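Take a look at the structures listed below.
Here come two complexes built around chain A, the first alongside chain B, the second alongside chain C.
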Partner chain A sequence: MILRLALASLRARLLTVGMTILAIALSVALFSGVEKVRTGAKASFADTISGTDLIMGARSGSVQLLLYSVFRIGNATNNLTWESYQDIAARPETDWIVPISLGDSHRQFRVMGTTTEFFDRYKFRAGRSLILAEGAVMDDVFDTVLGADVAATLGYAIGDPIVVAHGLASFVDHDNQPFRVSGILEKTGTPVDRTVIVSLRAIEAIHVDWQNGAAIPGQSTSAQTIRQMALEPQAVTAALIGVKSRLQVFGLQRAINDYPHEPLLAILPGVALQELWQIVGIAETALIAVSGMVVVTALIGMMATIFSSLNERRREMAIFRAMGARPRVILSLLIIEAAVMAAIGALAGLGMLYLGLLIAQPAIDASFGLWLPIEPPSLRELQVVLGVVAAGAIVSVGPALRAYRMSLADGMMVRI
Partner chain B sequence: MIKSVSTLLVLLSAGAVTAQGMRQLDAHEHGVGHLDIAFDGDRIAMALHVPGADITGFEYAAKSSEDRAKVNEAVARLARPLDLFSLPDAAGCSVLEASASLESEAGQAEHEEHDTDGQSSEQMGGHRGETLPGENETEDHEHEHEHEHEHEHDSHGQEPAHSEFQAQYLLECNDPTRASLITFAYFEAFPKAMELDVQVITDRGATAFEVMRDAPTLDLRELF
Partner chain C sequence: MSLEDVCYRWGGRASFALNIPHFQLSKAGSVLLLGESGSGKSTLLSLVCGTITAQRGTVRVGGTDIASLSAGARDRFRAEHIGLIFQQFNLLPYATVLDNILLPLRFAPMRRARVPSPRAAARALCLDLGLPPETLTAQAGRLSVGQQQRVAAARALIGAPPLLVADEPTSALDAATQATFLSLLFAQARASGSTLLMVSHDARLGAQFDRVVRMADITQTMQVRP
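Our next item is the complex of A and B:
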């Protein structure tokens, strides 16, 4: 009975009520959108590497090593010598080891030197392997495999020649050794999409005629000669390591960290990610707090409209009372109205969020490499809806109490 | 760029090693120990590294018989993992191997205790080579020994400033998934220990925790 009255009364004031609901809906969409992006970003970060027990690099910080070796964010402070790399590779605990050599670029994309084993060992999103969309993995020194975004952005196809630039954002090109696209990977949603993969020997090959960071004038070695050179790398940037038994992971980690001949660092990717979250966590909390405040603002806005509507509805309330409605009917009528508005607003907010996701999902994936899954509302989202409804009911208690106290006296005394 | 940096590095490191071995020290924070736990099948491997100050209250080389007794008692205690890190009975865990030692900064073991829990030595031999992280370092041992010697010479006449207790355990459990709630009686046994940084590896990957004295339990259930 009261609910019917409440609904009818809301319908009667469709415009103001609609605006209030819109404000609540927007705030709820923002709040759950932030939550979605946050969890999505976390998941996509965590999905970037799996199946690798340890990452080894020169000694720096674990987060830094993780960022430059896996996410291609930032640069290595030092390289790790090939000698040390082979020492660790030869240890009995080491099941497999894949070198990573960074530092060159192609247009805006990083070039990564590695071995073909990388394609078997690198796993993402709970154990998925890299798959070639076209072509084959590199066979020759001058073969490259492109990530999906590289190929798409630069419009490369199999067999196209490409030139690798020396250093990042650099002005000199290694134009005497043109590379050829031999394969293009399927999209993974990881930084591999934005990477040009070449063989470790290729990284050495492009530097054959270079000394101290500059080309030796008048000297140019033909591609054929380079193919016949040994091209043993002197250093790599980092290495992904698989350990034979999980029980030995910590032992190997300690052995690498205590390696007597070179300051090395071995990290567990999961632990380093967790450290990263602790750093990012502050910003996350701030983001949630801000979007939470937006929800609070919308609810206070609703309270304000209810307060101001009390004036218009003095008559209405008085008539209710005159017809025998008890004061608490008035009270519950106003609270129910507010709760209904909040509920419609919250649900509409979720609807807007899903609609937005549906439209923006491919664009977000393409421009940020962030895949936001469209899933049925989680428990947390339902909690948000319930929370907003409850908060709506609570903020309406103020105006409702006022109406409760005033309804009779106020409405019956007609002032002209 | 890469090339010049790397050649420089090779030169530098080669120089350092031939001259006198690289100087490096692990981080050392009193009150904070490190515990690594790896779950694999029905096996659990644990490695504990704790500053001497947390366990015995001092880090100088034990000289008085009182100090020596303290160290011996501590090492004996550390060699009984299930008394320090109690696992639920339902897990049915037993100790396959346990060893504890006190290492001073220079790296030489001062006291050692090996403990095997009712396993036949034959079986033990089988597990040793492949499982205990500490055991795997034997290959490098000769290597390291040279450096240790140099270190001793270097610091001749002066006490090593810090020491660390190290312990390695290998457990076997009937139901390791139920070993996921660990109570750290460790903090009761060693009143000076304040915190343990714990790294855990399970099928679901690696994670890290901090276990503090005032909340001495670790719940790993979400990792299984």
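Our next item is the complex of A and C:
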């Protein structure tokens, strides 16, 4: 009955109670939204590469290797020689190996030389494969496949010619060997979107007339001649490796790290991603703290409204007292009301979050490559709801105690 | 109900005190307590109901010394033994009439036990007090003042508490409704065997009561040097 009366009392003050609940709902929606984006970003981040057991490169740091081989951020300190690559490829543990050759660019996008096997082996977001939106994978030496962002930003279509620049911020173009767009990939939300993919041979081909990073003056080999050349690479930047059995991952990793002829490094992508996230993750803590503060603000707002409603409710409390209610009943009545408001607010906030997700999910995925899964509320979200209810009850103790003292002093007579 | 040698002094205004050497009410009667405003009527009612306790003397209701009870027990005692009607704003405006009538039973298990079916009892009381049955589900705040007073009477009467205390219950009503309300109240009080203590400043009401007491006759209001 007390609960029913509390609900009726809330209903009677629909406007102020509604505004309070709205504030709590918005804050909870914000908080869980941030939480959702955070876990989504973390998952997306961890899903940048999957299905690859090891990444191999020249010896540097594991995060650095991950950054340049997967995220195309920064540069390799060194390449690994083609001989080493083939040694590792020939090892019995190696199931497949995909070379990556970096160092050239097209406008603001990196160019990556690889083999067509890359399209089969590179997986993201729990095993999804790259899909061509249009066209086909490269067939000719001068074919190129563009990531979704590259094509969208530069407005390329199938068959357009493109010129690759030497180096990353260079004005020297490999303009004697123009490429042709043969395929455009679907958006993945991974760095592949911002990559121009060419064949490994193409990387060699555009450097045929180059020596020590500069074009040899007067020398120009025709595309036709280049097509007939062997174009064996001297070195690659990194390699993605799959092992035959997962048990062999650490063995192969050790073998690569102990490779006698050249200093090499093999990393487990998942572990390196974790390390990297720990660096990026400081921002997430700040974000959580800020949205947590918003929830606290909303709850304090509720406390303020309860405080300000006390005076106009003295008569109501006096009636309770006259009927024989102990001051304790008034205390609990107010706390119940606050908890109910907080609960409705928190649940409404979750509702708003899911509604927002339903509406915005495809747009967020398309424009940020951030996939926010719509799942039933997780334990963590339930904890948030319970936490808000508990916190609502706790902040209401202040005004409730005041009401307790007021009703004790007023008794059943209120002189207004 | 009896008050013996009671002295109550307000904390803030130490210069004023209420003294009642002797005041007694017999069982199942009706008493009108007449007094001007400021004569200490409300204080007397608060003493009887136990929301305040006297500094001196004893207040007995149904033989129990109110002051000897703990604060919680006094609240419980009030719920069990006293039905209260105020001048106005008696009801929780947001709650239904039924919830308002049943409210005291929530705090008084013994009184609740006397009512086999609270809903039926509330309905019967409403009928007896001339309220149509559909008012039970109405929101109390939507009723007219006269109807609200009747609901308040039903609430005071439910579970037949031994003592009914009414604090100027008719002053917000016009003359015609006043008379009807009082006769209904009397009839119900008699039916449940309750003692009725009513406080008013209106001497014209006196004719219907067994006994009329003037506030001035039972109190010694005096200036106290702090």
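Just so we're on the same page, the second predicted complex is superposed on the first by the 380 of 416 C-alpha atoms of A that agree within 3 Å, B and C clash if a C-alpha of one lies under 4 Å from a C-alpha of the other, contacts with A are read in each partner's own complex, and residues count from 1 in each chain.
Assume contacts are C-beta pairs under 8 Å (C-beta built on N, C-alpha and C of every residue); 3 or more make two chains touch, one makes a residue touch a chain.
Here the structure is a predicted model, which means the values were calculated and not measured.
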Handout entry: Partner chain in contact with A:Pro260 - chain B first, chain C second, else both or neither
Key = first
Handout entry: chain A residues touched by each partner, larger count belonging to chain B or chain C
Key = B
Exercise for the section: Figure out whether A:Pro191 sits in contact with chain B (first) or chain C (second), or with both, or with neither. Expected result: neither
Exercise for the section: Using the superposition on chain A described above, determine whether A:Phe250 touches chain B (first), chain C (second), both, or neither. Expected result: first
Exercise for the section: Look at A:Gly349 in the shared chain and tell me whether it touches chain B only, chain C only, both, or neither; answer first, second, both or neither. Expected result: neither
Exercise for the section: Applying the touch criterion given at the start, work out whether A:Ala8 contacts chain B, chain C, both or neither, answering first, second, both or neither. Expected result: second
Practice task
State whether A:Pro399 touches chain B only (first), chain C only (second), both chains, or neither.
Solution key: neither
Practice task
Could you tell me if A:Glu316 is touching chain B, chain C, both of them or neither one (first, second, both, neither)?
Solution key: second
Practice task
Enumerate the residues of chain A that count as touching chain B in its complex and touching chain C in the other.
Solution key: none
Fill in the blank from the handout: In their shared complex, chain A is touched by residues of chain C numbered 42, 45-46, 49, 51-52, 71-72, 75-80, 84, 86, 89-96, 99, 102-104, 106-108, 141, 155
Handout entry: chain A to chain C touching residues, read off their complex
Key = 1-2, 4-5, 8-9, 11-12, 315-316, 319-326, 328-329, 411-413
Practice task
Show which residues of chain B lie in contact with chain A when the two form their complex.
Solution key: 1-7, 9-10, 13, 17, 21-22, 24, 26, 36, 38-40, 43, 45, 47, 130-134, 136-137, 139-140, 143-144, 147, 170, 199, 201, 205-208
Exercise for the section: Provide the residue numbers of chain A that touch chain B in the complex, in ascending order. Expected result: 50, 53, 78-79, 81, 83, 91-93, 101, 103-104, 166-167, 203, 207, 210, 212-213, 234-235, 244-255, 257-258, 260-263, 268-271, 274-275
